[in-house]
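Below are the structure tokens for one structure; questions will follow.
Going by the order they are written in, the chains are A, B, C, D, E and F; count residues from 1 in each one.
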Amino acid sequence: MVLPNQMVKSMVGKIIRVEMKGEENQLVGKLEGVDDYMNLYLTNAMECKGEEKVRSLGEIVLRGNNVVLIQPQEE
Amino acid sequence: MVLPNQMVKSMVGKIIRVEMKGEENQLVGKLEGVDDYMNLYLTNAMECKGEEKVRSLGEIVLRGNNVVLIQPQEE
Amino acid sequence: MVLPNQMVKSMVGKIIRVEMKGEENQLVGKLEGVDDYMNLYLTNAMECKGEEKVRSLGEIVLRGNNVVLIQPQEE
Amino acid sequence: MVLPNQMVKSMVGKIIRVEMKGEENQLVGKLEGVDDYMNLYLTNAMECKGEEKVRSLGEIVLRGNNVVLIQPQEE
Amino acid sequence: MVLPNQMVKSMVGKIIRVEMKGEENQLVGKLEGVDDYMNLYLTNAMECKGEEKVRSLGEIVLRGNNVVLIQPQEE
Amino acid sequence: MVLPNQMVKSMVGKIIRVEMKGEENQLVGKLEGVDDYMNLYLTNAMECKGEEKVRSLGEIVLRGNNVVLIQPQEE
């Protein structure tokens, strides 16, 4: 069995797509850091509506309990 | 008494349907991993509106506190 | 004083009605298991709109933090 | 300083009014039990829209994290 | 660095304004008690829409996880 | 790997932009304090709709679990 947190930690250094509670669009960026609460630190982050880029966000920290879904994102 | 987490762990390796807070549709996929917070790691995941497939999602991690309902799904 | 979790544990084996955050309708089913986080495992579950049955759900696990209200349900 | 949980425990045996996340109306009933998570066990509970009674609920358990506001209710 | 909980504890005995998840308006009252979960016990509480008083609430307990924002309120 | 909380602590003393669950607009202010739950204490805080200032808020404490996104803000 692969634990969910192990899976997320394996994405560090890669581009991921995150759906958040309280955010209409998704957030795509390079995963720089994650902790046991699934708090996430992304760089070069963008707000995306599907494949369409809405705006650049740069460095962002996302609060774990408001993360809904995390997905590896093809570069 | 069967504990809820035992029940979910018994679904590892099987197809499950998950309803999430913050997601209009359901998520169906193979349960690869679950932890004590009910964080879930699914593969071959799809977003479904009832029985209708909306889109493929591939590998996804779902944050436990935003899980509302988990159901075994007939293959 | 009767502790809330004691009260829920006393409902194991009986039919209960549950209101969930993120679910428009209520869930009615036999309570098979509950833990200290009020995660719930129900069998023969149905989705109900008041007294009207909307659909059968079979075996379901409900995440405790999204439980709003639990009520014993007359059989 | 009076700690919030002390205050709630002092309401055991009395009628209280509770506002819940995920519930449009308020819940009024006799507080039979409360724990450190502010999970609540009420008896003779009613669903109320202001002072107007909507329906009887009997015995109910309310999940603490979805409690928004607790108020002593004049009998 | 001033820790957030220290800041809130320094407001005990003073009037504060609180924004809650699940509450359209704000809550203004005298902070009588707070704990490490930011559960709050207020007296002489009022529901306010900006500066306009909507209704008196008297003694209230607010559940910490549904607190969004706390602000000292000029008397 | 840079842990998310380390990243937020590195922003103490600087201006940040915060998106909160339950708040339509964003909150911009000087980060004075943060704890392990990502509770935040800001001074000279403003409510902003994008780059447009909506109102001044002065000193505010924000509850960690309702934080969605934290971003350093160019001065």
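Heads up, the rule we're going with is that contacts are C-beta pairs under 8 Å (C-beta built on N, C-alpha and C of every residue); 3 or more make two chains touch, one makes a residue touch a chain.
What you are looking at is a predicted structure, and each value in this text was computed from that prediction instead of being measured.
Peer 1: Would you kindly count the fewest steps from chain B to chain E, each step being a jump to a chain that touches the current one?
Peer 2: Steps on the shortest route: 3.
Peer 1: Name, by label, each chain that touches both members of the pair chain B and chain D.
Peer 2: Intersection of chain B and chain D contact lists gives C.
Peer 1: Compute the shortest path length in steps from chain C to chain E over the network of touching chains.
Peer 2: 2
Peer 1: Name the chain whose C-alpha centroid is farthest from the C-alpha centroid of chain A.
Peer 2: If we average the C-alpha coordinates per chain, D ends up farthest from chain A.
Peer 1: Report the inter-centroid distance (CA atoms only) between chain D and chain F in whole Å.
Peer 2: About 33 Å, centre to centre.
Peer 1: Please compute the C-alpha centroid of chain D, do the same for chain E, then give the distance between them in whole Å.
Peer 2: Centre-to-centre distance between chain D and chain E: 19 Å.
Peer 1: Tell me, which residues of chain E touch at least two other chains?
Peer 2: 20-22, 65 - these are the residues of chain E that touch more than one other chain.
Peer 1: Once you've mapped the touching chain pairs, tell me: line, ring, star, complete or other?
Peer 2: Per interface graph, the chains form a ring.
Peer 1: Considering touches as defined, can you lay out the ring of chains in sequence, from chain E by way of chain F?
Peer 2: In ring order from chain E, with chain F immediately after, the list is E, F, A, B, C, D.
Peer 1: Considering only the defined contacts, which chain F positions touch chain A in the complex?
Peer 2: Per the stated touch rule, the residues are 1-8, 19-22, 38, 64-65, 67-72.
Peer 1: If you look only at chain A, which of its residues touch chain F in the complex?
Peer 2: Residue list for chain A touching chain F: 12, 20-23, 27, 32-35, 39-41, 57-63, 65-66.
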